[in-house]
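What follows is a pair of complexes built around subunit A, which joins subunit B in one and subunit C in the other.
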Partner chain A sequence: MLDLARIAAVVRKDVRSELRNRYSINALAMFVVTAVATILFALRSESPGPASLSGMYWVVVFFSAMSGLARVFVSEEERGTALTLQLTTSSGVLFAGKLAVNVALTMLLTAAVTALYLIAFPTFVLRTPETFLLTVIFGSIGFASASTILAAIIAKANSRGTLYPVLAFPVLIPLLMTVMSATERALEGEPLAAAAGDLQVLVGYCLIMIAGSFLLFDFVWSE
Partner chain B sequence: MAWVRIGSILLITYTLVAGILTPMVPSPQGAFEFPLIPGLEEKARNIFFHVPSAWTTVVAFLVALWYGGKYLRTRQIEDDLASEAAAGLGLMFCILATVTGALWAKFNWGSFWNWDPRQTSIFILLLIYGAYFALRSAVEVEETRARLSAVYAILAGLTVPFFIFVLPRLVGGLHPGAAGDPDGTGPVVSLQMTGPMFIVFFAGLIGFNLLFVWMFDLRVRASRLAYRRSLHEG
Partner chain C sequence: MNHVRLKLTDLQKRYNRRTIFQQIGADVTGPGSLAIVGRNGSGKSTLAKIIAGVLSPTSGSVHLEVGGSEIKREVRHRSIGFVAPYLTLYDEFTAVENIVILESMRNGRAPAQADVEAWLEEMGLAARRHERVGTFSSGMKQRVKYATALIHRPALLILDEPTANLDEDGARFVEKVVQRQSGSGIVVVATNESHEAAWCRSRIELGTR
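And now, the complex of A and B:
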């Protein structure tokens, strides 16, 4: 079922169509800049501590992801290419490809937010970079795995823009709470071992969500 | 169904009367006295109503999940109607559990809401139910609506173990069963009750469940009738 060459073909198709109009990347970049600027205006000369910084970091990632990750399936429905995809690709392969695209997009997103935070907030110092790196990698995978199947769900529904965060928030809460706690540890300079519990929960969440999505995706996708 | 109706009326009436009227004394004797647990005192009576509604919320969620999964296999619209009926009742019991819990928190912990892990979990459960109905109202075609909402219910159900088993261990809290609770016997409740309290407690638990079965049956039948009528008219 999982043919790597076919998955790569789905990824290549999405990357190529993204590079042609740059819809997702442009929207995401503008969203991130706007969100961080708003936070900076709101804070003025305040210097936030690790707890609020890690919270604001993931709030920006959450809402930016909500504005960009739904595109993978919504664009297929809007351009009328969903039926062609159903005919030419098995749903397992398609889901794996779309998941890979979204993981890459979320990692780009977290990289951009991290760079902006490092520049904008003098108190945003990664005292334990290895904890932060692992958190961001598994956090991105977890974010993308839950968001991809939800994107497929809302692509079939009306009022997509507002519905997506509403559906995603309860599902993403365990992930958000764990990544916030792990990021706070990384900013406070606690050793990697202190975040071991958080990272275990993160990996568990990723595995459960990916397995569940693979089993359920066919029901969403095939009419 | 007659025994379900009679049973739920009798058991809930018994829980109301016995749970509120039985005196609480420091050293209880016999079947008609409850122990006075220090720190809880008369507020302990809430356990007969709060825990059964929270329990029924979870049962309703599992029933909605079960019928959602069944719909995905059988594609019978009746299963989707049953899933929706269970979710609606679950939302009602969830609100009851949240309100009784918030009242209990006010008089035992000092404020209605303090983001205890259990309060967080029930808040998320409310959000899941809310999102489920938001999704249902955003899809017009019946089969698509049934498919998507079943998938969403199962996906949301996958996160529930995190709230029950993982979250209370990560964040400290005041609810029995939290990380710092020395008497915590299980993930959700700690049982410091004596015999007579147990009887009233389980009467309430079974009574609430029977009430759920009764209401569920009524709602499923009503929504089937409405569905058939819509087929004739549409």
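And now, the complex of A and C:
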């Protein structure tokens, strides 16, 4: 049975560990800054439209997430603390805690990318902020849920660095297409109702991914 | 302490085509103790992990009963303590933090501060309780592992190579822990050392078939 107090303890452990080691935050911050700077250098004085901006926004989020989110499980395997966790908490509690940490990290990441885009790109104007906000929230949850179960899988593999984006890309294609479409609508100023279809897909993706992950995680984690 | 029973039935473990052990059985009722002995590579640690519920046997079953109720594998960690040299603590946390964090994850609440202090005092680590475990020697880390394993007063205590990395004082402490646990619950000791195996009342010998 899932227990909120135990899940909170897993989250507190990861947050405290992250604040001391900066395994993920530094990787995410470095990637966001270099990716946005590279885009700026490439564009020079050009002003990209909503479709390009939306695509570039989620490309930065995708690759930044790939560089940071896998750490939740990979660092436990690398440090040898995976067995300690297995002997301390149930797989359901552990997955819920790690998922919560990754959701928080992804939301932090999207907030940072949004702030940088608003500063760097004059044409990045959130004409329908409510659509953008909902897209970012459900997009972050979707990203985090897919990334968390994939992180658990690749943490058990030898070639972790290369395997993660390769495995994640096909799983995240439906999510990427949907968040790009919804973000484009938000930048173009279409009303929230116009993005209803995209948001429904996002909610469905999150539910399927989280439910599937909970069912699968014990098999991935236990042996 | 509640009534405790550990029953191993016809356990077998295979990795690929290699059989590590087979037809392993035991029935221990607490208060009691069980030694797992055998040469290197005979599967002592594997059997200890199977009993702890972190590895599955290829066939056979582990039945742990506490207070008349069967403890399912998913929640077995709440009723056991496990100490082994290959178990790793969080280097970035202090000794107190390791104990509090691991116990909070196990039981959903932090242990009483007085209990934590008392265990660290008994382990001889009171003076360094607020130092990061990463700065500790392997013997000191082993002592912290004992504190994390014992603080919730487990019904079943599993010790794999119990005195590894410990000095004479530490080894005497472990013997005391084994005596105390075998008087209140069940202790399983996986060891190569004959004098450590002699602490236990029953034994499983691996690698004899």
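As a working rule, the second predicted complex is superposed on the first by the 223 of 223 C-alpha atoms of A that agree within 3 Å, B and C clash if a C-alpha of one lies under 4 Å from a C-alpha of the other, contacts with A are read in each partner's own complex, and residues count from 1 in each chain.
Methods note: a residue touches a chain if its C-beta (ideal position, glycine included) is under 8 Å from a C-beta of that chain, and two chains touch if they have at least 3 such contacts.
Note that this is a predicted model, so its numbers are computed, not measured.
**Q** Given the superposition on subunit A, are subunit B and subunit C in a clash or a fit?
**A** Superposition result for subunit B and subunit C: fit.
**Q** Between subunit B (first) and subunit C (second), which, if any, makes contact with A:K156: first, second, both or neither?
**A** So A:K156 only meets subunit B here.
**Q** Of the two partner chains, subunit B (first) and subunit C (second), which one does A:F219 touch, if any: first, second, both, or neither?
**A** Only subunit B; A:F219 stays clear of subunit C.
**Q** Which of the two partners, first being subunit B and second being subunit C, lies in contact with A:Q86: first, second, both, or neither?
**A** Touch partner of A:Q86: subunit C, not subunit B.
**Q** In the superposed arrangement, does A:P170 touch subunit B (first), subunit C (second), both or neither?
**A** Only subunit B is touched by A:P170; subunit C is not.
**Q** For A:N21 in the superposed arrangement: first (subunit B), second (subunit C), both or neither?
**A** A:N21 sits against subunit C, while subunit B stays out of touch.
**Q** Just subunit B (first), just subunit C (second), both, or neither: which does A:A9 touch?
**A** In the superposition, A:A9 touches subunit C alone.
**Q** With both complexes overlaid on chain A, does A:S181 touch subunit B (first), subunit C (second), both or neither?
**A** The first partner, subunit B, only.
**Q** Nearest approach of subunit B to subunit C by C-alpha atoms in the superposition, in Å, rounded to an integer.
**A** Result, nearest C-alpha distance in the overlay: 6 Å.
**Q** Can you give me the overlap between the subunit B contact set and the subunit C contact set on subunit A?
**A** Overlap of subunit B and subunit C footprints on subunit A: residues 223.
**Q** Which subunit C residues qualify as touching subunit A in the complex?
**A** Residues 52, 54-56, 74-75, 77, 80, 82, 86-93, 97, 101-102, 104-109 of subunit C touch subunit A in their complex.
**Q** So in the complex, the part of subunit B that touches subunit A is made up of which residues?
**A** Subunit B residues touching subunit A: 72, 124, 127-128, 130-131, 134-135, 138-140, 144, 147-148, 150-152, 154-156, 158-159, 162-163, 166-167, 170-171.
**Q** Looking at the complex, which residues from subunit A come into contact with subunit B?
**A** Residue positions touching the partner: 146, 149-150, 153-154, 156-159, 163, 166-167, 169-171, 173-174, 177-178, 181, 197-198, 201, 205, 208-209, 212-213, 216, 219-220, 223.
**Q** Going by the contact rule set out above, which residues of subunit A touch subunit C in the complex?
**A** These residues of subunit A touch subunit C: 3, 5-6, 9-10, 12-13, 16-17, 20-21, 79-81, 83-93, 218, 222-223.
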